[in-house]
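Below are two complexes that have chain A in common, paired first with chain B and then with chain C.
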Partner chain A sequence: MLEYIARRLLFMIPLLLGITIITFVVIHLSPGGPADMLTGLSPKVSAEAKARLHSLYGLDKPLHVQYWLWLTRLMRFDFGESFKDGRLVIMKILERLPATLLLNVLSLLLIFFIALPIGIISAVRQDSFFDKGMTVFVFLGFSVPAFWLALLLMLLFGVFLGWLPISGMHSVNFPYFSFWEKLWDVIKHLILPVFISAFGGLAYLSRYSRTSMLEVLRQDYVRTARAKGLPEKKVIYRHALRNALIPIVTLLGLSLPALIGGGFIFETIFAWPGMGRLGYQAIMARDYPVIMGVGVIAALLTLLGNLIADITYAFVDPRIRYR
Partner chain B sequence: MLEVKNLWVEFYKGGKIIQALRDTSLILKRNEVLGIVGESGCGKSTLALSILKLIPEKEGKVVSGKILFKGEDLLRLSDEKLLKIRGDRISIIFQDPFTSLNPVFRTGNQIAESLNLHNKQNLSSHQIEKEIIRLLELVKMDKPKDTMLSYPHQLSGGMQQRVMIAMALSSDPEILIADEPTTALDVTIQKEILNLLTELQKRLGLSVVLITHDFGIVAQTCQRVSVMYAGIIVEEAVTWEIFHNPLHPYTKGLLESLPSREEAGSFSRDEKRRLKAIPGQVPDPSNLPSGCKFHPRCPKVIEECKPQEPRLREIVQNHWVRCIRAGD
Partner chain C sequence: MWKIFWKRFRRNKLAMLGAFIIFSLAVVAIIAPLIAPFSPDQQDILHRLEPPSGKHFLGTDDLGRDLLSRIVYGTRVSLLVGFVAIGIAIVIGSLLGLLSGYFGGWLDTVIMRFVDIMLCFPTFFLILMVIAFLEPSIWNVMAVIGLTGWPSLTRLVRGECLSVREREFVQAARALGLSNRRVMLVHLLPNVMAPILVTATLGIGGAILTESALSFLGLGVQPPTASWGNILTAGKDYISVAWWLSLFPGLAILITVLAYNLLGEGLRDVLDPRMMAE
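And then the complex of A and B:
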């Protein structure tokens, strides 16, 4: 097992390289550079000034040389400095990472603890009122764009009802709060973003776990469990559920990239001080080092998520043993 | 011991109603091995499952009839009472042991689960472990301690079926229903499992319902046979009688389609006779023919076979046949 994990970690290196190359190329292909973003709107800036900026950032060198320079710095865990404010990229990311992790972990938990029971109960009571109701909910979940729903909910809870704050992570007077007030403040700020980023996943996972459970309930070993004389509850929650969970566990890792990807949109909508918003702002400013830094961290989190899913897979399914 | 009375079972498939069992009755006596023979789709597995009420509600249901176990109708028992009989006093083993064992639990745990469920003497966990080993030795597993800790996929098909048998016997049942217990296994293993079942039946005084499509297995193991066709019993007699004096044309056809050992050995290449097959096909259960359900394939069919399904008649003593021409 340890050897397997070590090997998987080694394999992540070429994968990461590939991801960084693609990110690097794509970001340089997009029109406009950091110098334009800083100066483009001002007619007073001369062409020489722009060229000076270019050479300052090293943007006058050929692309592969730029990539190589970036990569060699990365080897020393040096993500470079932001073009925009000259701060270390790693610092900018580190101060944003906790907010992103908080948001994502919470929505992941929400997805699993709500979608899983919904799916299981729907399967066990197939075609019941509950099952049909949930099918409608899932249909909505798939069809309603989350960013649009986010705006509607902000309007309802933030503007009309005034119950929840609509942006940021803290209130303005946060530093003056007591511990419990601080906690409550953060929770209030979390409700909408967590719900919105969990929304799509809720629909998807509940459908998926329903299918998985239905599939398992048809299996011979479920019949064996009944034939043993086990009460129906144990048949379902011991014999069937344990097997239905196997494919769902893999989703845990696979849904991580989607959450991080979604973070770019939702964090921007809710002005959530996370990595996604940092990435979005960096893209808008063509702040290459920050974009690359966010890309690398997001890729790393995704790959780690996959690895964790694979390892859990081996734990829940005895038929899988990695060599 | 166990009596099935006029059992009707229906399945629903694609909006159609399929009559899987039509007016099926049988009696299982104490310490007896009763064989139920028929082609696939004739309703024999349905019969096995309905005895323990194991037909999934969404797929089908018992429409009418009784299943009497020691005078009590299993079909009318409360769930709670049913669970005290199912897997406890009546156990069942299935065709494919690989899919019938839960892949994520160790075999020992699966047996222990049954033991705990039907734990009559309140065994401690240490005693349970001993009991598992005893059961695995009973079904002739070489290394019971290793088997206990294995997952089903680590065992061979024969070993998996032994585990299934051990599990079925863990409650010390009175009746064992074996639904094609050897069909999914290699021929050599089939023999071992059958011998094991026969031996255990004698040793433990079990009454067994053995469901199979293989007359060879019946000859080896059963005292009495019921032959099923299209959801109904067409012939019933003691094994010897069925083999030597088959009265229903379907039973005759089935027996003629068996290769006998002497024949198979004595044929030279050019003499090789083709095994006789029954002409035609098993009728579509959602669209059964009128009258005797076998008449479209029957070599002795006459006009009178077509309008009405024949009654089961006792032609020779204890030899029942559902054919109007039997005994002609």
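And then the complex of A and C:
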């Protein structure tokens, strides 16, 4: 097992290098490069000041040297300072990270505990009313723009019914609340964002777990279990379910990129104080060190999700370890 | 062969419905000026934010423009983005997949590692980043969605190629001394066309969703050009006073994407019996 984990970790290194190269290339795609972005807004910046900036960022050196310098800084999580307020980028990201993690972890849990039973029940009662209803729901789920659904829910629960707050993480008078009121306040602010960011995954995973379960139910060992007269419940929940779970576990890790990517739009809609909103604001303000920092951290989180998925996979399915 | 497909396809009612909707949308896009009751850019400040009525069927927006007309014109943007973006992704994806699956070896390794890297990025952020560094415009949106959309297709095509490559007719073609290019394009490609077609159809729906999300964030199609996504931006700003601005453009997106998904799933059933298992 340890050897397997070590191998996965080693495998991550070329991936990481690749990610940094792509990010680096994207930045240098921009006409004029990063220094022009910083100075472009004020034409009064002298050529001399520009040259000074160039040497500050090492932009006067050849590309591969620049990449190397940039990479060594990345390894120390040194993304530089924000153009906007001069604060360290890594600090800005760290203070936003908890809100994003809270949102994503809750979404993952919601996806897992709702989509999985839906998929399993659909498969067990194939072609039943429930199954057909869920198939339609899943199909709609693939086609609905989630940000539009967010608007509709804000409209329904925020504007028409007035039950839920539609933006932010706290109410204005949050500091004066007692502990339980604070908890309830945060929960109320969480409901819509969590549901919306889980939405795409819900459809995807319930469909996937249905397929996986259907496949397992056709296996010989399920027929054997039935043939030896085991009660149907035991066949399904002991023999079939365990095997159907294996591929689903990995999907949870793999749904991280979608969750993080979705964060940029959902956190912006709900004014959720997370990393996605920080990234969006940075993009709108052309705050280039922050954009890069968020990009690299987001990719890192994704890689981490993949790694966790791989390890869980090996954990639940011993066959994988010896591949 | 195509006759059999058509016969099976016609029996699939949902797929037919999808095809019908897509066809109607294409017609709407082409004859938009004939259908739209007003010019999509004609402002009328006195009648801004009017609810749906006999004159403005779907109401007006914050500048008094007719919502129905803007949605009709938005059809053009969505279809254009969907087709061009997926066209780019399909060309890159199939080509790399073919090369990777046919030649194998180090080329395969390099291409597949690159695919792994691309799949690791939260794609939506990669798109946001590129658009931020370039200028947001419909052309950049199409290019970026296309250039980030190919990796999963490459994987799929490669997998198909690996199995087709070992079949007798490919072996025979190689034994006859045909050039690699000819074997790939004439013998391999037609046999992996089915999954490409299915992925392309489903992908168009996805590209339309991405475009609308980008435009919604102000990083896609720029106003005053109407796109379903950027109408929704106004919808968000006026959410407490003008529900119609939020509801109708989203419905348009939903119906369009649904149509492509229906068609794609239908094609999957018709073209590839192995995928029918589901």
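What we mean here is this: the second predicted complex is superposed on the first by the 278 of 323 C-alpha atoms of A that agree within 3 Å, B and C clash if a C-alpha of one lies under 4 Å from a C-alpha of the other, contacts with A are read in each partner's own complex, and residues count from 1 in each chain.
Note that a residue touches a chain if its C-beta (ideal position, glycine included) is under 8 Å from a C-beta of that chain, and two chains touch if they have at least 3 such contacts.
A quick note: this is a predicted structure, and the numbers were derived from the prediction, not measured.
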{"item": "Touched chain A residues, chain B compared with chain C", "value": "C"}
{"item": "Chain B versus chain C as contact partner of A:Met154, first or second or both or neither", "value": "second"}
{"item": "Chain B versus chain C as contact partner of A:Asp317, first or second or both or neither", "value": "first"}
{"item": "Touching partner for A:Arg242 - first (chain B), second (chain C), both, neither", "value": "first"}
{"item": "Partner chain in contact with A:Leu230 - chain B first, chain C second, else both or neither", "value": "first"}
{"item": "First, second, both or neither for A:Asn306, with chain B first and chain C second", "value": "second"}
{"item": "Chain A-touching residues of chain B, taken from the complex the two chains share", "value": "52, 54, 58, 79, 83-88, 91-92, 94, 96, 99-106, 113-114, 117-118, 151, 153, 164, 167, 171"}
{"item": "Residue numbers on chain A that touch chain C, as the complex places them", "value": "14-15, 18-19, 22-23, 26-27, 29-30, 139-140, 142-145, 147-149, 151-152, 154-155, 159, 211, 214-215, 257-258, 260-262, 264-265, 268-269, 279-280, 283-284, 286, 291, 294-295, 298-299, 302-303, 306"}
{"item": "List of chain A residues in touch with chain B within their complex", "value": "126, 219-221, 223-232, 239, 242-243, 246, 316-319"}
{"item": "Residues of chain C defined as touching chain A within the complex", "value": "113-114, 116-126, 128-134, 205, 209, 212-213, 216-219, 232, 235-236, 239-240, 243, 246-247, 249-250, 253-254, 257-258, 261-262, 265, 277-278"}
